[in-house]
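Input: structures, listed below.
Each of the next two complexes has subunit A plus one more chain, namely subunit B in the first and subunit C in the second.
Take a look at the complex of A and B:
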């Protein structure tokens, strides 16, 4: 592998790593705060991509406006789904499995509703910005730079939000001690619904910046969901910084890995890594064992 | 603990055996064979998930491995499918033990879900990518059916797409054996230990239940059954693609069947499989809505019917004991 190929792959790895980190952060936020493994996360990703496509090409809104609207709509829809299908399960016995089962059912439902409404054809969304820039002599499309910048920016903003805002405190308090949080006046149920919506919103943000690169169809959510799970397990399930670190590690390992083998084996590398991590270090890279 | 109702079981098996007298055409036989296949598959998944308490999401891997292993062995080594289905089932059960090993290390439901799903995806991608052997998504064709048999009294039994009766009775036999096995095991000492493990792992362990051995055994048995029925499916359908036998869709189907019927009961998966296969086929116009129906059924049964239809029988007949506790609390920590 020449130095140039290697360096290009590192750059590509950073871009997909930022994307994995953002998707993983969404999964980790929901899991970390309420122990729900959300199998429908990928479908909120898919819906946001479709939202961007429909609002920009069918309704005719400007791209950026469409993207913002799509993210907000998806987050609101996620809150609704939480309220209707997940919250009722939380007080029942065996909720850990029933929430997985119900989100899996919702995922299948949403995929097939999207398929019936919009068909299976890959729909394309225009780039937010055209052109490319040279980074150390390697041409990088600006859209990919935008993906990287957005993902990193959102992750940083999210970290600061959780750490310093009152709402962020409420979210963390609810995660750590729901009863104590309720005693000091935190509306626990609403915070949980909000956290779920934000977690799905993070997937939606990843979706709208990625849609121009990957195109849109009802089945695009599943691979991203699986990658999100991989990242979250590797980073230590529920650990926000762990998910981010694991996202970048996975992005770079995959990018190097596919130049050594071929792109069709990429997912095997990721899934084998996740089984090994669980086998050898179940708590993940940064998780507490 | 009530003993298995053997007379009811025998009557039910006899009734199923007589069904082809009423429904003679090939299409009806096909539906009944599919229902039996899924009833066996769902029972085996329920063994690990409902009785064992390990919520796996990767059993489609065992189905596909059994199917591909038996098909390839019969095609490449020229062995009879009557032999290859057993080799395939055994190979699949070893894969089941392999995936049980990381599962032993963890109790957390999400971790087990992800490990098993990741494993199944690895199998699917490998089978899709090894096009030289499996032809990938183009589909493996030319899989032989079962060789004709000459049985006493009945005479020559052929297994071809046009003559499905042999397949039906073979599926019926497998179903009868598997179901009888579950009925007997359910109330045995082993069955009790498995339930104890599910409902209170630490307590069971402190009373001397070898947790690791039971977990591995459950995976071994379950993978063996699913591999065997996958192999049967291969020699029945005689065309295989990775998405048709290894896709997540199959797992969704089996989960929907088990949840609708009642997870953690012997009858539940059978009731669910028969109900879903038959009703979806009756609504043939709804063909493209099939997955939609399955997804919706999972959501509805989890929310409004957590114990499934099998618990309904208990409610209707109050002299029966209350339904089993089918879902348990587990540690969140890995």
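Take a look at the complex of A and C:
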């Protein structure tokens, strides 16, 4: 592999890594704070992509406005789903299993609703920015640069939000000791709903910047959910920084791996990487054993 | 005055508390003493709404507390320091302490309270940036009390604040309790050791199997015949294990 090919693949790896990191961060946020494995995460991704498609190409709103609206609508919808379908389960025995069953059910339902409403055709969304720039002599489409910048920007903002904002403190306290959080004045139920909405909102943000690259259909969420889970397992289950690190590691390993083999091997490489990590470090990259 | 009258609690179909009545006035310390599993924690949790009461009343200066959500207890100036500290383990000591004043009702007294707890507990400054989960049991209890005081409660409940601590730390925490009382804050605490409970308390309750079986002044409880025989007698035989007076 020439140095140039290698460098190109590193750049590609960083872009997909940023996207995996963001999707994984959403999964890790929800799992890390409330132990819910959200199997519908991919469908919130899908809905945001369709939201962008409908608002921009059907309604005719400007792309960026459509993207922001799609993310907000998906997060609000996720809050509603949490309140209606998940929160009632949380105080019952066996909630770990019933939330899996319910989120899986929601995923299938949303896929089918999307199929009925919008069909199975791939819908395309225009690029936010056309053209490309040269990074160390390698041409990089600006849309990919935008994906990278958005994902990294959102991850940084999210980290600062959790560390320094009043709501971020409430989210962390609720995750660590819900009863003690309630006693000091945190409305625990509302914070859990909000955390779920934010976790799904992170998937929605990834979706709107990726939609122009991947095109949109009812099933696009599935592989992203799988990658999200891979990243979370690799990073250390429930670890927010772990998911981010693992996202980048996975992106780069995949990019280099497919240059050495071929692009059909992408998922094989991803799952081999996760198995290798688990084998070497059972708790994941940043997990506590 | 915080008054609990005929409180009943069930976990599922199992009855845990039977007509529990107790009260505490501002500037008073009340102790609920009872063996492990007698229902002490359940009383405090029911008062702040962490478990649901199935009967009875809880009132604060005449207004009911039952039905007030737990996260609004500090609006009524009622605080709880839970059993086994229950700090936020991955947050730093200072974050834990500040988190104690999360409720808007605690905002007004924030600076004054922070200065006070730092003076009461030097460990807050010594370990400010350390994750709370890394501290020793005694240090954790101090941070837990500091977090509780940051909520600016007028009624502070402490669930087994002495559990598992060395005699020296027990003494320190007893002194803090006296300082809290001197501020006019009412304290209700749970404890399994009769001597420790009733020598600190103005008012004492003995809880057995979910029922208050004896109550009286702290002094009266120490002199009670049954308590002397059953609880202090047993302890006297367990020669010299760190009591405070």
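Everything that follows uses one rule, which is that the second predicted complex is superposed on the first by the 283 of 289 C-alpha atoms of A that agree within 3 Å, B and C clash if a C-alpha of one lies under 4 Å from a C-alpha of the other, contacts with A are read in each partner's own complex, and residues count from 1 in each chain.
Following the convention adopted for this analysis, contacts are C-beta pairs under 8 Å (C-beta built on N, C-alpha and C of every residue); 3 or more make two chains touch, one makes a residue touch a chain.
Everything quoted here is computed from the prediction, not taken from an experiment.
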* Asked: Taking subunit A as the common reference for superposition, should the pair subunit B and subunit C be classed as clashing or as fitting?
  -> fit
* To do: Applying the touch criterion given at the start, work out whether A:176 contacts subunit B, subunit C, both or neither, answering first, second, both or neither.
  => second
* To do: Give one of first, second, both or neither to describe whether A:278 is in contact with subunit B, with subunit C, with both, or with none.
  => first
* On subunit A, which partner touches more residues: subunit B or subunit C? -> B
* Asked: Is A:47 touching the first partner subunit B, the second partner subunit C, both, or neither of them?
  -> neither
* Taking the superposition as given, does A:187 touch the first partner, subunit B, the second, subunit C, both, or neither? -> second
* Asked: Once both structures are overlaid, what angle do subunit B and subunit C make about subunit A, taking C-alpha centres and a multiple of 10 degrees?
  -> 90
* To do: Please indicate which partner A:252 is in contact with in the superposed arrangement: first for subunit B, second for subunit C, both, or neither.
  => neither
* Asked: Of the two partner chains, subunit B (first) and subunit C (second), which one does A:85 touch, if any: first, second, both, or neither?
  -> first
* By how many Å are the closest C-alpha atoms of subunit B and subunit C apart after the superposition? -> 16
* **subunit A residues contacted in one complex by subunit B, in the other by subunit C** => none
* Using the touch rule from the top, collect the residues of subunit A that touch subunit C in their complex. => 166, 169-170, 172-173, 176-177, 179-188
* Structure fact -> In their shared complex, subunit A is touched by residues of subunit B numbered 55, 57, 101-102, 105-106, 108-111, 113-115, 117-119, 121-122, 125-126, 128-129, 248, 252, 255-256, 259, 288-289, 291-292, 294-299, 302-303, 306, 325-330, 332, 334
* **subunit A to subunit B touching residues, read off their complex** => 31, 35, 37, 85, 88-89, 92-94, 96-98, 100-102, 104-109, 111-113, 116, 222, 226, 229-230, 233, 237, 264-265, 267-268, 271-272, 274-275, 278-279, 282-283, 287, 289
* Residue numbers on subunit C that touch subunit A, as the complex places them -> 48, 50, 69-75, 79-80, 82, 86-91, 95, 98-106, 147, 151
